[in-house]
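Every chain is named by a letter (A, B and C) in the order it is written, and numbering of its residues begins at 1.
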Amino acid sequence: MPADGITAMKRAARAEARAAWLFLAPGLGVIFLFFLLPIAAAFLLSLTDFDLYAVADWRNLRLIGFDNYLRLLRDPIFWKALGNTFYFVLVGGPLTVVLSLAAALMIQSKLTRFRGLFRTAFFAPAVTTLVAVATVWRYLYHPRFGLINHALQWIGLPAVDWLGSTRWAMPAIIILSIWKNFGANMIILAAGLQNIPESLYEAARLDGAGWWAQLRHVTLPMLGPTFLFVGVMTCIGYFQLFAEPFVLTRQGEPLNSTLSVALLMYKEGFRWWNMGYAAAVAFVLFVVILAATTLQVRASRRGEA
Amino acid sequence: MSGRALLMGLALASALSSCAPKTSDRDGVVTLRFWGLGREGEVVRDLMPEFQRRNPNIHVEVQQIPFTAAHEKLLTAFVGRVTPDLAQVGNTWIPELATLGALQPLDERIRRSAVVNPADYFSGIWDTNVVEGAVYGIPWYVDTRLLFYRTDLLVAAGFPRPPRTWNEWVEAMRRVKARGGPGHFAVLLPVDEYEQPVIFGRQLGADLLRDGGRYGDFRSPAFRQAAGFYVGLYRNGLAPVLANAQIANVSQGFARGDYAFYITGPWNVGEFRRRMPPEMQGRWSTAPLPAPDGSRDWPGVSLAGGASLAVFRGAAHPEEAWKVIEYLSEPAVQVRFHELSGDLPPRASAWTAPSLAGDPQVRAFHEQLQRVAPAPKVAEWEQIAAQIWQCLEPAIRGHESVDDALTDLDARVDQILEKRRAVLARSPRAR
Amino acid sequence: MKKSRVATVLLHAALVLGAAATLFPLFWMITASLMPTGEANSDPPPLLPSRVTFEHYGELFTRLNLGQAFFNSTLLATAVTLLSLFLNSMAGYAFAKLRFRGRGKIFGFLLAALVLPTQVAVLPLFLLLREMHLISSYWGVILPGMASIFGIFLVRQFALSIPDELLDAARIDGASEFRIYSEIVLPLCRPILVTLAIFTFLGTWNDFLWPLVVLTDQSRYTLPVALANLFGEHVQDTELMMAGSVLTVLPVLLLFLFLQRHYIQGLLMGGVKE
């Protein structure tokens, strides 16, 4: 009886679909309600001047179109924050990835002993609580009692007013971030290295390729996709720079030289409760991250082609 | 495994719901949520046992919020509808919180009170709590800034008594700096404090805002002169360009003679007594602020600072909250509070206590308190205050001129006040 | 031969130096937390305490009440971990093994949403939870953390390898879909669930921005929020702050050391997604 068989199959398929939706509903519901919906709402919020006056009395809420964005474009502090964020991403990002690669190459080297021990050591900062370790670094950076300056002076370099000078405050934050993040990337890159077939290296060696040539012509190209992943994730994370300056320099001091876009959003939103304006800041951050990610993926595709 | 995880999850969920904020009060005991700021939040706990003894049915739960985060925490609580019953609030925040409708007016309670008597308070301080004719906070302690100075360094520089005019003061600083040599300065003015430039401005008669608080007025001649004087102190090397975060230990620097003057508030009297080495005690003192040259009124005006106790509109137990305020306002309790914290009482009757009247380093504050002016009473003041030092800092560091900094400041303040102008235009009465 | 020995020595020198530099901040955090008050601010700063003292830890737990924050962090991280494990595994399994219309599209959409920065959601999320009257409650932290795209993705990748025959056989035996999930799928997914659990626990424990914003009441603070709060009040007390940092970092560091293998495995699952 084929007809019966088909309806039975249809019924089974329908039951399966229904079960699937029941399984999906709680998880997707949470993601929709507490993640996707707020992101969409952020855009709507950015078209208003929602602030404390509006919290106190709804009649004080005005729809102002793209005024917040126009105001942003004219606000030198926003440009400063955007510039700082790009400084952090463009300098800190590549440095982190390069150091991760160096660490991964060392860890995966055939000569290395106690591999697990070194891997754990390099990786440890990645699991620590940012607020706590940033607090630690703040004391390490102290111009007078900080151990970093003492180490510098010990090797004959001048002491640096790390967090107090406009020149060094951002490098100080970059150093902290590299320290915190290179270990996680290292693990991923090390796994990528493991997946490169040994035969490729053998072939390269037969062609007379040295260590550097092997790195350039075998390791890096083969690592491509992993490299892209690490790069994109680091980039997305770094664009959201917040807790480091929040703890190390509190307001993005000195002279806003460590003010990031996310910190600006926090200050406008949760310190002064200019929620509309803060939402515009957040949305610009969103667009910037999206554009940067797309650019990276495109560039790597072109590189492959 | 899954079954167990599920069970654990359910157990956890029930644990969580039982941990929900305590709204129900068991056995007729009312739990009062009280936010104290900084050190006061710590000290007030020691005053609570006596209150609890008198009011066994009121349990006061004191939370300590750091001063640096207090303003934003209070606003967050207001927006999130989770304000405490009672809080210590900086008196410059009162216009803002009152405008938002976050606070209860206290006039009716004051009228009925046997303890809180407005006539007994420093009038300049009481006035900071009045918004549109209604009282929204009861002063808890007063806080005004004046001159801390090293007596020995001043005498060595040829000044047997503290300076009374700006000219005298600058001269004293020059000589102190010259004697101190490299690495030493004359005065400590943290660049991330707005109080100093605002005080200098007020001394010269600057209004700071104009048109009923609708626009910034920082390019007025008075404020320009004040800002020039203030920035000059750094540019002439009399003050180090340091933010609070960079100053590891104020009392150490003061004891070392890194600076001979420091404009700060009463809390540092206690700090210095506690933290400076014994041989340094007796080598420092306090004095009211010098006045601008040509002005006959000494001391020069300072800011009417301090903190008040306020009851939130969303308070679950306003009656009990008022009881705490009355208790903390009793002159005897205020004296005890002063002994514990070093904070200065806002009531004249508390100042007769020997611990206050007989303390020479505290007496200067009494004198200064007769000459204080409030900050402008607009809801946006905290934002504006932050802009003041942020805009002046580039001038201090020599990145731009004072005039450019003030132009920038006025522009930013006008932007901040834009919504206020709109709200005022819509309903002139709503402030 | 000689050349490779030189290389080996150089390599290990670099590794040791790198490891020392990496671990130094954590080492100093611990030693400074054991110094008597004021010692860390002497010139030159000492590396080891002149006398080991636990007074700062005592102060944290008594006067400063960080024990409450420790409890809150543990409670919240545990709750978020368990609940998200449940929700993510159900959804991940459905995406991997159940057929329904739009499966590919929805999953693709979720993957694309993986690049959305969470910070953008924070402002409206606060207003949403305000309407739900959940500001400053534990649920304010738990609800948004109860499911994650990354978690669903992780489970789905793993569940793909479960043979369909196994599930179909159970269906023919008349097992309900929920029973199949709970008695066949979950046990098989155990390795990835352990990984995901560690990930979620560490992530919730270390999270800062959202708890900072949503938890206004001190009795609800998590350790990072309490620590930042403490920092505002006790910047000058280096040793005390270091003790607070140790208290915050040590639990997750230990957790990681014991469960390292699983954690790294999860990191790699994320890495191979391209």
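The working rule: contacts are C-beta pairs under 8 Å (C-beta built on N, C-alpha and C of every residue); 3 or more make two chains touch, one makes a residue touch a chain.
Predicted, not measured: the structure shown is a model, and the values here were computed from it.
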Pair with more cross-chain C-beta pairs in contact, given A-B and B-C: B-C
Label of the chain whose CA centroid is most distant from the centroid of subunit A: B
Rounded Å distance between subunit A and subunit C, as computed from the means of their C-alpha atoms: 16
Euclidean distance of C-alpha centroids - subunit B vs subunit C, Å: 39
Interface hub residues of subunit B, defined as touching at least two other chains: 68, 76, 79, 245, 248
Shared-contact residues (touching 2 or more other chains) in subunit C: 41, 126, 213, 231
Shared-contact residues (touching 2 or more other chains) in subunit A: 144-145, 270
Contacting residues of subunit C [partner subunit B, same complex]: 41, 75, 78-79, 82-83, 85-86, 126, 129-130, 133, 135-139, 142, 182-183, 186-187, 190, 213-214, 216-219, 229-233, 235-236
Contacting residues of subunit A [partner subunit B, same complex]: 49, 51-53, 55-57, 59-60, 62, 71, 142-145, 161, 163-164, 249-251, 253-256, 270-273
Subunit A-facing residues of subunit C, complex: 4, 7-8, 11-12, 14-15, 18-19, 22-23, 25-26, 28-29, 32, 40-45, 47, 87-88, 90-91, 93-95, 98-101, 103, 106, 110, 113, 115-128, 143-144, 146-149, 152, 171, 177-178, 181, 202, 205-206, 208-209, 213, 223-225, 227-228, 231, 238, 241-242, 244-246, 248-249, 252-253, 255-257, 260, 263-264, 267-268, 270-274
Touching residues (chain side subunit B, partner subunit A) in the complex: 68, 71-72, 75-76, 78-79, 96, 99-102, 192, 242-243, 245-246, 248, 379, 382-383, 390, 393-394, 397, 399, 415, 419-420, 422-423, 426, 430
Subunit C partner contacts - residues on subunit A that touch it in the complex: 12-13, 15-17, 19-24, 26-31, 33-39, 41-42, 45, 103, 106-107, 109, 111-113, 117-118, 120-125, 127-133, 135-137, 139-140, 144-147, 150, 179, 183-184, 187-188, 191-192, 225-226, 228-230, 232, 236, 239-240, 242-243, 246-247, 262, 265-266, 269-270, 275, 278-279, 282-283, 285-286, 289-290, 293
